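These notes are about the structure you will find just below.
Chains here go by letter, A, B, C and D, matching the order in which they are written, and residues are numbered from 1 within each.
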């Protein structure tokens, strides 16, 4: 049994809490949050105690911590928890600074317990099956990857101002997915972006619509399309062209019902947003962490994966800002 | 080169005329119609002459006749044309009376030129491919056939009063399709019908919504669903369950465009009606007739097929009227 | 909090147990089974006690019983539990004898706690949404219902010999769904069936492939297609034609991935069988029962619904055996 | 009636010939080709005469010429035919040199008869409907266009060596489509390409897999993905994201049949290549030219459109070669 403390009781902490509590091999024992009412509410819901993050990390009866605090605290908490010999699942991004994330990696390199980064999409059964099919050679040699990733609506401007921007808070998922599916990091990235959805996003120095093109060492290509707005919901699709065919991953619809009338055939929209779309992914992700912590299975998304994705996001942001491609050596 | 006379210049005669004229091996030379302006218009369009049906049949320079007149004249014209040694393509049904159709078959049994019945759907590339797949064992032994066949809107009441009713003018196509796909005629048929679309259809003694269940000699089953109205257009689908899988034939849509909005994903309706849906079937059907007439290929839809379909339609109508299943020996 | 005893620890009892235990307002406290190891295993898994059905029913601390025993015990257990003032969720069918089920209904008519029959498909979000759309007039007046319901593979012959046969153990679900979607019971039913999948099923006096046609009082029609075998998995689809359009409910696929190669485009099969396909339906069903038991919401599937479905199944079996339609007055 | 001469009796000339002959308002009267047997065969098929291009252009009885010769002759022939007052339909590209094409435009600017460039995809009913839907505001303001365009297999190396390469012979279609759908030319283009399908293509100085990103004056974005090989056939799809939704254009499948087995659900591949996929587009294109020539309707694809597409192709090729984005002022 894995005794777990959750650091950060906000939206994503709550998403994880239900899986920590629902898993047969883990138990939610403690919760922390700088905003006390959030910690109280979450702790009460699962009969857990409220403590500070420091107290949780210091408690030898707690085996693992799930870091779901604000990004600027991630590196410090990882380092403290690793020093206290905890198994660690940390939300992405590891940090907004690649240098700081690398320092964190260096400082925790002696850790003997798993340190895992929460790239939830890798654990979605569909994405996982796609990766497996591609890696298994079902379409021969992969050549051209295309990721479509649109949010239903932009986040609040306040969030955008601190999130690191579209490339670091949104495209980072797709950049990690590209690495996951292509099996390696690209050697060059080129990106363009515009503020088309909301001019205020542009005023805030960010973009809301973007395209990035990735070139791999052997010439393979990938393209990522992002928009902060899709009127029809959360659009999460992938196409991967190989020498022997094309693998396509479609959205999950809200229902399997369609209605044919004189206007046409109306079918359901995609599931609305990540909480719905990736509900099962969060369950599988937590199980993968539990397996790594209790049963020594390999960590499926490492600190290095987090650093790679962040470095790619930085490079994409730089390319979009300068209009020049950025070479990478990851 | 096949010199062709078209008997009947109405809608279906016009459908055929374009294919007779467009085929490299056939030429439209004469047209007849009891309504002179119709004959004139069609003849003018294709540089053909207007003559009576008798004159066309009597002309030794004409090799083939296409019978697209009213149903009550079909048997007489087939017999006359066969006696004149014409190749014959006759629109369905052969007759509204099975007995009369059988007499026609008996009287033309010595004919040396092809006599073909125009079951257009057999020639549709999709239906033909489905039949081939089933006959080729792609789903093992066939067990359960399901045909969905809805018209976009009911015909005029006047038509219904002389057409023989839903079973003889509409379901007859599906009954023939069942025979085509199952490879034999059923031994029992049970049908129910209601006037739900338009009460006036009920007053006229017909139904507009019907279901027929067919049982084959070896226990295999088929079900046919008919409605005179589908708000979304012409619905023509088939499913065939076999021991190793299911073959499904979907509608052809008016376009391949879809539009995703906050209301859902709207895609195009099926092609509206038979002129659109079976445009290519009519081309292939005519080619099959030309091949039979000029190149001695087998006649793919015979007088016997026409009689079988008509007998099945009669039995379905009888079952719906009496509430009792009807045994068949075709 | 609803304290629950599960009577019957077989497959379906286990399906329910996870939801009883997982629901925030219910608690699994006791389990019974004539086969002691099954009861022990299930009880141990959820920290429940093992007792006899009689003991569970007699325990005033238990608020509700879930009857998942063999069908021949259902009526007796319902009556005993109702007499003991329990809320009751009973698996279908209520009984294999309509008379016995009606007696059970009569004997429990004074019960003040909910008695609910477990027609799981009514609670599936897709079926529920379809019913709501139809009842809400989204396609105008409903006219023609079509239900496709194929199991992936036949059950063991031993099961078929005691189950009441295809019409009572399999089509009963579809007959209830027809009542649910059409809003009333039919006045006539006609059915045909054959043993095509396995001749031994025929030897055992049952069929494995069947079609039933239902006629409603106002002339509306429904058709149900059943097969014990679909090589591609569990096929659960519905189409409902109305005056203004068609509602279609498609299968849920095992994944949203497709692979295009020179052979064609291969997409995933339907979810394999009812445990997968209706996993969510069981959760919703249990919540509906908890709501009825604790919050006095209406019982969404009553003893009367169970009797209606059983009477329809009897009539379908009779029609298939005699070759004659059966009139109904339900 | 439009009397037409076809210059060039190769594959694309033959594609057009059937439509010239089949159109009620045009007549194929003369054919030229530097390879005499090709001209003879085509002329014979349609009862046309064989002449030199110069003779055809000089013949006052010929109203229009269709230029389907090798690209290096297009500009000269356009100029000569315009000087002879012919209506002109010229295959794309206008020229491999933008400067030469501009000179041609300048030299023919006084022409009073239509000069049209054969961008066939604009006339495909699906693409045309998509453009109309976007221009009509069905998805609000367009923001992000994505074009997928894969050929089934690479052309012979000999063709690639003279075609101008992937960007000028293949992507040019997609670049024109982007202009057609976005309603204007972009201000910046960035492209990458690799030889992944066949290393020999790389040795010949070309690429076979490419991605181009287009930026419009108002920040809108478009991305084009090309591959010379798709094992499953000709892949021609478009997605256009707007402020109110997404328009998607899917492939046309070879059939509407699918087969569900234990391996999954297999449906048909896309239509194999452009002759099948755009057969109807060629018919509509020719009608549009006839309408412009006989009925003074606007020319739907002008010399300027041809120059724009060529300039975009040049810029994409330059970007892919230098690794730098290219600014445009078209």
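Simple rule for what comes next: a residue touches a chain if its C-beta (ideal position, glycine included) is under 8 Å from a C-beta of that chain, and two chains touch if they have at least 3 such contacts.
Remember, it's a predicted structure, so these values are computed and weren't measured experimentally.
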{"item": "Chain pair equivalent in interface to B-C, over half of contacts matched, among A-D, A-B or B-D", "value": "A-D"}
{"item": "More contacts between chains, A-D or A-C", "value": "A-D"}
{"item": "Intercentroid distance (Cα basis), subunit D paired with subunit C, Å", "value": "58"}
{"item": "Distance from subunit D to subunit A - Cα centre to Cα centre, in angstrom", "value": "42"}
{"item": "Per-residue overlap in subunit C, given as positions that touch at least 2 other chains", "value": "139, 230-232, 244-246, 260-262"}
{"item": "Residues on subunit B engaged by subunit C in the complex (per definition of touch)", "value": "139-141, 143-144, 146, 148, 150, 188, 190, 192, 194-197, 209-211, 213, 215, 219-221, 223, 225, 227, 229-232, 235, 239, 241, 243-246, 323-325"}
{"item": "Subunit A contact footprint on subunit C (complex, rising order)", "value": "22, 125-126, 129-130, 133, 138-139, 244-252, 255-262"}
{"item": "For the subunit D and subunit C complex, residues of the former touching the latter", "value": "230-232, 253, 260-269"}
